[in-house]
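So that you can tell them apart, the chains are marked A, B and C in the order they are listed, and the count of residues begins at 1 in each.
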């Protein structure tokens, strides 16, 4: 017979621990209440700046911010960063709760959405006093406007490109494509790669899932994705694009359906880096990241042309905006100004987001660039003469079309739908989404 | 004395050497079966550990579980990957949140479970249905109104939204668990105690809680593990990097805008697995000392 | 002898033979005091014990639940005030949203296969481990490790590697003569890799089963052995019935959890539910609608439909439980 002991000491210990933990919990973790209370009239402003990215980007951004704080001793900057996949959800939740960060990085596809829903401040009143935009390309700056008002400012610029693995090309004896090549040139070139490597490498990653690739295609054909905030492409346009990419896939020049399905935005899943393809459609701002992922030599090639048009344009890789509910809009705008104009910021930030917006500063950096960064600068310089004008910011719902493109094309790639059927479906759904 | 499965019973009457051989044979078979099953189950984890010792090039290119060139550099890299804060900070934050959540659930849920399992009161059926109902609603829909509430309380970017609700028994899952376990305790014990003059609180504290130890430990273990791995809530409520917990910290290693650091991430994931594993290893022994029958005998 | 018989055989002694007042408490070790008249405080006691739960319910659960119910009849973009649209969301769900129905089918398939698989494996392993051999503690922990990993990013990466092109799964299956594809990137097989993931994490129900097995009094088995029952009979006549409240518990919770499964699909498919919507779980679609597409009202409507459906399933299970679940505290309720 055994008498169970009373766990009195156990429970007392439990209660004690509970109170300690509660105290710790309250102490740890700085709350916004403290900072906003302190900020009231002391003259020192605390602003929050949010962006998406990994630890490497965080390091360079924090370095730039420290430089800003040194030159602006009355402003403290708190930072928030998270991976891209969850960034938007986080910002949206914060917006719903009324505590969006003061300075916020805005993705191009939701720029109009945020502006039109009243989340961002109209920055025109700070130009040119606090915010000096004269050093940036005028049409580039204009891409940050919604309904004629400057709600956002582009933080960096990139361009469309085809990333090519030169080492593998050389080993196959296939020459590098020349600027001005056409889509049929690309088809032949990619097929050549697949054949000569005996199927070991695909020529190019199937671009059928890429919304920006279709964007360039439309521009090459003298059309555009949107006009006056509505859809301007037709099912026939899209079907044409998808027919072409399907032919790439069928001939073996383009990656198989399953391999294409692995492409999820993560660099590590890019078939080029995994050693499965030789070329890939992407933005030049990611070139350094590609280079870091392989010991092969890589280079950038301009897009295939249609009638001499490359369909390339100076794309703002991301925008900066000030929250409409910010308590310190002026200070947030000062930080914005610093991040797009200051040479110190440019040196600290590097090219992790793309090319620096201020043209003079960009020139200075370009002249001293080396390695992969130099390749990017050279590429941009070589193509700056052939650019189409930067399209206006896409209307609300564009980010949904981006994911829909991937999803619907996968059905084409796996043989569940024909390009014509899929294109028709896509357009009818897109019409419902845009302008909702 | 613990409840042993029938297999441990030995029949009387068999000759001793044969019985011993039979027992050895069964024991060996048992070990073989369990080891095979354990290897199959553990393979992905072993793969993870192996990858944490691979250099970056090998990780993308090769799919073998064990590294060709062993390197330990992923560990320090992962530890110091984020500027201004080490991974150790994330581990500490997670530990605090988990400890708080554990205590909260043990306290709040056991009280509520006692009421549902042992007490008869008006509206009991309805309230029980509401309690079960609250488990059924997908969390993502509650998150926005809850966020607004916490924001008004000024608790955003602290650990409070992750801990305080537990003390208020918001994890109905565990209330339900404890109710089921309590129903396995015969009422005769309660009745005996009541006759001796115990009020409800004493019964709860001195009789039910001790007998509920397996369920309490299960609750503690599960709360710890759910909270340790809970990504979404911690992402939403924690803004400054210095407040991040392990799941959010791990996600930082993987991002579209830069080459993900798989090696350091696997290294930190292995590191993050250790506390939970050790916690479990320590507490699962307590599960073995089943306590239930002792109150009934004698 | 029936299960109930065995339990009732240990019913307390008749009044005359009961020990003196205070003796029970002395045995259990509680400080004794003069017995007082038993208050009929059940109602009040019930509410007092429930005070923390009430507070939590009011603050953090009921309010948000009712608000989300309201939202399901509105268009709510998260960024502006909700505006009323009546039943439009519900109508859209069932008539003009094919992806909604796809997500229902995917979720039902997932639940129907992963829950039984998980529970059966968990029960078998728990029974296997419920003995005092050397190393049981370590084995238990090893089997539990998958659940410890949860649905984290690292697990997703491991799974993608193992089930991706030329991954371990592919190699193993080719040994068996099955020449596959990249399982996790193929719309025909991607969902089943998630089912395997769910079954792999059987540690949680296993631990609960273990706790339940510990609670089964050993003397029941003694009595059965004396009566000549063999191992199989003992399993079905003692273990399973005595474990039935726990089995029921695990069944309900795993079912609800599987319907609400989100993180595995989210992380492995990168939030897309791909490839080609083959892993578009209901909650994943809900999340996409709410947080990516700014249609939080529609997402709330989806949530309440799910609550209704799962609630019905659960109520059904509770009803059926009266038939097969055996509770020791009240006999055969």
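In the analysis below, a contact is a pair of C-beta atoms (placed from the backbone, for glycine too) under 8 Å apart; a residue touches a chain by one contact, two chains touch by 3 or more.
Values in this document were obtained by computation on a predicted structure and should not be read as measured data.
Here the largest set of C-beta contact pairs joins the chains B-C. Centroid distances from subunit C, each centroid being the mean of CA atoms, peak for A. With each centre defined as the average position of its C-alpha atoms, the distance from subunit A to subunit C rounds to 39 Å. Inter-chain spacing, taken between the CA centroids of subunit B and subunit C, is 14 Å.
A separation of 37 Å divides the Cα centre of subunit A from that of subunit B. In subunit B, the positions touching at least two other chains are 107, 144, 167, 206, 251, 253-254, 262, 295, 297-298. Annotation for subunit C: residues 27-28, 30, 78, 291 touch two or more other chains.
In subunit A, the positions touching at least two other chains are 3-4, 6, 85, 93, 96, 265-266.
Interface residues of subunit B facing subunit A in the complex, by the touch rule stated above, are 57, 60-61, 81-84, 93, 96-97, 99-100, 103-104, 106-107, 143-144, 147-148, 151, 154-160, 163, 167, 205-206, 209-210, 235-236, 238-243, 248, 251-262, 291, 294-295, 297-298. Listed in rising order, the residues of subunit C touching subunit A in the complex are 27-30, 77-80, 160, 164-165, 181-182, 185-187, 269-277, 291-294. Interface of subunit B with subunit C (complex): residues 1-9, 27, 30-31, 33-34, 37-38, 41-45, 47-48, 51, 63, 65, 107-108, 111-112, 114-115, 119-122, 124, 127, 130-142, 144-146, 149, 165, 167-170, 173, 175-177, 180-188, 191-202, 204, 206-207, 214-215, 217-218, 221-222, 225-226, 228-232, 247, 250-251, 253-254, 262, 265-266, 269, 273, 276-277, 280-281, 284-285, 287-288, 290, 292-293, 295-298. Those residues of subunit A whose C-beta lies close enough to touch subunit B in the complex are 1-4, 6-7, 11, 14, 17-18, 21-22, 24-26, 28-33, 48, 52-59, 62, 78-86, 90, 93, 96-99, 265-268, 273-275, 286, 289, 292-293, 295, 352-353. Residues 3-6, 85, 88-89, 92-93, 95-96, 113-114, 117-119, 258-259, 261-262, 264-266, 397, 399-400, 403, 406-407, 410-411, 414, 416, 433 of subunit A touch subunit C in their complex.
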